[in-house]
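Right after this note come the structures.
Here chain A shows up in two complexes: once beside chain B, once beside chain C.
The block that comes next holds the complex of A and B.
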């Protein structure tokens, strides 16, 4: 791995070192290393089964490295899982909230697990931010569409007020307008100092919001794309090309 | 608080908890009814027994006839916790009519009134708490994590939770605690209605808590494997089947095989045969073995008439003597079976919990055998009373009859008080045929201290109980107006009351009826 060009002045929020993860006897991450500085947006791109979600679960301590290590804010996750989780707002891949509760109840329940007593105006502000229609908020979530559920889950990740966000396919199920909204939101959060690790299949979106894209293929990092200084996005064509090469291999 | 609110929205959990309350409530109320029925029956029988003895007393004026025609009711009063665990009261007799004839047949005669076959009545609190509650707990806990995993919420919940074990420990303990409450509250309510001592209810609650805690441990152990909900459920129900059904059945079978028993009917038949045969045998064939047992009557064995009462009662006794080894083997065998079953019950927590509840309720095999022993002791005393009168051919007199022993039930915690037969008389006493029952396990003494005086019913009853505790040396006693109350000396008391507590009736502040000496 090449030396990662991170300024030593900015603290590292997330880092993986020679990370190997084995699931059901299968090596699903092989020697993965990267570092994400505070306030950076980092996208993980890759085909199905590449190991993206596995990477996020390892940061949360749900999976233990077979070798290598993962750190959250400089601290080994295996040392203090609780501290790692407390620093992270996590948006799972298939974010299923409770169908028998409405959006407010779901948010309040999950946030209360994090000992947060969030009041109605703050909840509404977050739901406004993801543009969930006001008339749906009091309805049980089992009546929601996939995109509506996803919006509530994103709202929850914002409300969690954690310095680091791990977002697993946050735009899946969202309509184009909502995706644009979401991308704007990600940039805003990063500018406010939050660190974001984003797993996505949306190459175009990733190129627009990410400071860096890592391409994961069968458990290995096969490419890194940085936003060139002074540019507002990463070169979409280059990422596409790399993606296609590996998909064909 | 968060999880309580969450549980309140979990319909499945609420449903199973509702079932738990229902099952416990129904079992308690059925148990209370069963015990009330037994008490009412006993109270009636006690009256009938006394009346019958009075009739016999009037009709027969010699010792032989009197001993033959006078029955004595013996019984094992249900304890005030028996409603919760019927135990042996469902299958073993708890009342007999005993007279001075051969005893074994009287003991093992299947009394049609004893609920030998009342298997439908087996649904008591013990069954609800020991058999059904673990199943309900399994239904409450088996998918606590696995359902969340299946729904894709597991990681989110765990990642959100700040405190250790949250929300899983909170959810599990809440459900476990709620289930315990659903069982204990109806039990305590039943205890309150039955006047059960606080310590008994507390002890039984502890048994319930420990037993449920064991099953929580089992559920938590299975949960660690991270299997899916159906696999968890199958495994746990399998464990329940094994521990609650298969193991107890295996224990029963192996204990029965290890300790063979003669059966009671066999003993009864053998004894009756011996008695019947005696009619045709020479008198000496009866008197010799009798005198061996009772050498003090050796000088009185001369039987000159074809029929003499002393010979008749001697061959009754010899009938008992012939089956003595069998009867002893039967009793010891039951004790040994019970001892073995008690040891093996450690293999099955539900069986263990059931035994614990029965021990608290006084419905265990040990309690049943203790009652049988009381019957035997009473019969021995009865014989000891009649033998001198029969053998020495003593003159029949009411004074001598007045010394005849009476059976006193022990083991229950009620003091039965009835007014004297003359309602106008300003005195109360325990009727001579009625027992005064001391605290369970305490010394049983009869109270015949009259209570004189008037006043409001409350004062009257209180003074009565105080007098009784003093007279009997019992640690405590309660007034239990279960019988027909006539005009009381202190004012009107309803004619018939089937159950405790008398508190409401007498408008007494709580503890004044539980007078401690």
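The block that comes next holds the complex of A and C.
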């Protein structure tokens, strides 16, 4: 797959080169290449089993490439997994938080593991940004809806202050208003210089939030769509048509 | 890194505190071990008091006997009691299965007798549940219940990937979970520490008590290690519970049984009937000390007559009957001691063989070490038997000597004929003072620690081996 040109003036935050990943004897990523510049919102779009989440896990060093390589801020992940993970805030598909803790306790705990000592006002500010109701913050998360948990997980990604965010189906479980809020937040973070790689099967959401969409199908990159200059979103119909064509194939 | 490890361990403790099931399980165990500990402590304290009192009464009764023929006192006999050591409140060991008192008399080595059969019936057998047993059998189950999901839960609830993504390594997570589980396990040793302190208050050696704490610390760590290993390797909680329960069954029930059965098979002992028949045959050759005219003593008689240059027994300056009693007793004792030593050597070899199964089961290792440190093992019982025998032979031979030296031969042979001879055949009750006071003391702490050395090394090996395996598995940890 041919790589798309990226301005040499902007540093590359994430890149995959001829990436091939095999899981349980099955080739789940086949010769995938892409580069994501700093401050870019990049969406990997595809159906179930397309290899989207596998791509994220490879950037985190949880899966090793069978061939090819992945780089975080210009450095091969296999060379220094710790450095790669320090640069990344990862939000898994099912908001992975502890049910016996409340929102503050979850945030404090995960941030302390990243060696961050975050005070209550900063936590509240992040939770305000994701619009989590103040009265819910002291409640144990086992009482939260999926959307509320997702908001806390997003707040964690914000608070991590990592330059790169890997988001796995971040809007799953959110109501339409919350999705709009989330998309706005992602754009704000990108404008502040954060690089965001999100994987989703939500065509509409991806078109609205991403600068570039790579369409994955059965482990292969089958299409790339860029936000046209001066436009506020990628052409939804074109992406949808490509997505539907490959889904039907 | 330490801060991060303790942050993760603290989180686990918070989960257990907030989880009703974990909290209830911990409380039930604490209640069980505390109540069992108190019950055992009260029972052993009562046993200690009763046996000490009974020992004093037995000695008083013996010394209070009036002037008598010395051989009547040989058969009157005396009781000795094995007083339990203070640490028996934790592990009574072989106390309830080997007998705690013994009747000492001439010409016989009696077996130890049991005193708490009545109590056992009344308590429906509950009294066998000791603090040591609760720790050895039930604590591992509790640790399995709360610890099997330590790492699996992170995997099942999808929190493993974010944790590792925060830069936490698999080994760090393993270590943190290990600290969490070991922390709870060690906290559950608190009742044991209280019991050790109480035992020290009652005179237990500090070093032996510290040894008990050290042994059980190694034991709980020996259980934390496989639990962590399985939680690291296995991907579902139900499978982990199954694997660990199977390990518990094998370690706590099957291997100890195999250890006992195979030690009996590998080192067979003669049955009591066979031993008694064989020993009786040898004892007959020694001769019956009551029958001074028996062929077995003809040579003795000839030697004595020659030694004192006299022709008749009545002319001897000593009572030939007393001499025969003394010589016969010495001969009988030599035979009986040889059989007793053979039996004890076999029993000790069997115990050693069974204890070697500690390499296959931490329960066997802990059990052997606990008995050794508490001073309630088979070796201590054997020492009781030897010390009791020393008291027996000493007082019996003292009486036999008094028989030979203080009772005239003529009076002796006529004591059943006329009452005057019978009166003259009596000796002063002051002679009964030859009986030594018997006070069974706990084995020295150094010796107990030495005996527990191998079981402790076994437990250490368990911890080392399984922790190494766990660290290797943790290094490959993936979400």
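We take it that the second predicted complex is superposed on the first by the 248 of 249 C-alpha atoms of A that agree within 3 Å, B and C clash if a C-alpha of one lies under 4 Å from a C-alpha of the other, contacts with A are read in each partner's own complex, and residues count from 1 in each chain.
Criterion: a residue touches a chain if its C-beta (ideal position, glycine included) is under 8 Å from a C-beta of that chain, and two chains touch if they have at least 3 such contacts.
Given the structure is predicted, the values throughout are model-derived calculations rather than measurements.
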Query: So, does A:110 touch the first partner chain B, the second partner chain C, both, or neither?
result: both
Field: First (chain B), second (chain C), both or neither touched by A:145
entry: neither
Query: Of the partners chain B and chain C, which touch A:97 in the superposed model: first, second, both, neither?
result: both
- prompt: Which holds for A:62: it touches chain B only (first), chain C only (second), both, or neither?
  reply: both
Those residues of chain A which chain B touches in one complex and chain C touches in the other: 57, 60, 62, 82, 85-86, 88, 90, 92-94, 96-98, 100-101, 109-110, 112-115
- request: Would you tell me which residues of chain A are touching chain C in their complex?
  value: 57, 60, 62-63, 82, 85-86, 88-94, 96-101, 109-110, 112-115, 140
- request: Using the touch rule from the top, collect the residues of chain A that touch chain B in their complex.
  value: 57, 60, 62, 82, 85-86, 88, 90, 92-98, 100-101, 105, 109-115, 160
Complex contacts: residues of chain C adjacent to chain A: 3-4, 7-8, 11, 14-15, 18-19, 157-159, 161-169, 478-479
Task: State the interface residues of chain B toward chain A in the complex, per the touch definition above.
output: 2, 5-6, 9, 11, 151-153, 155-164, 166-167
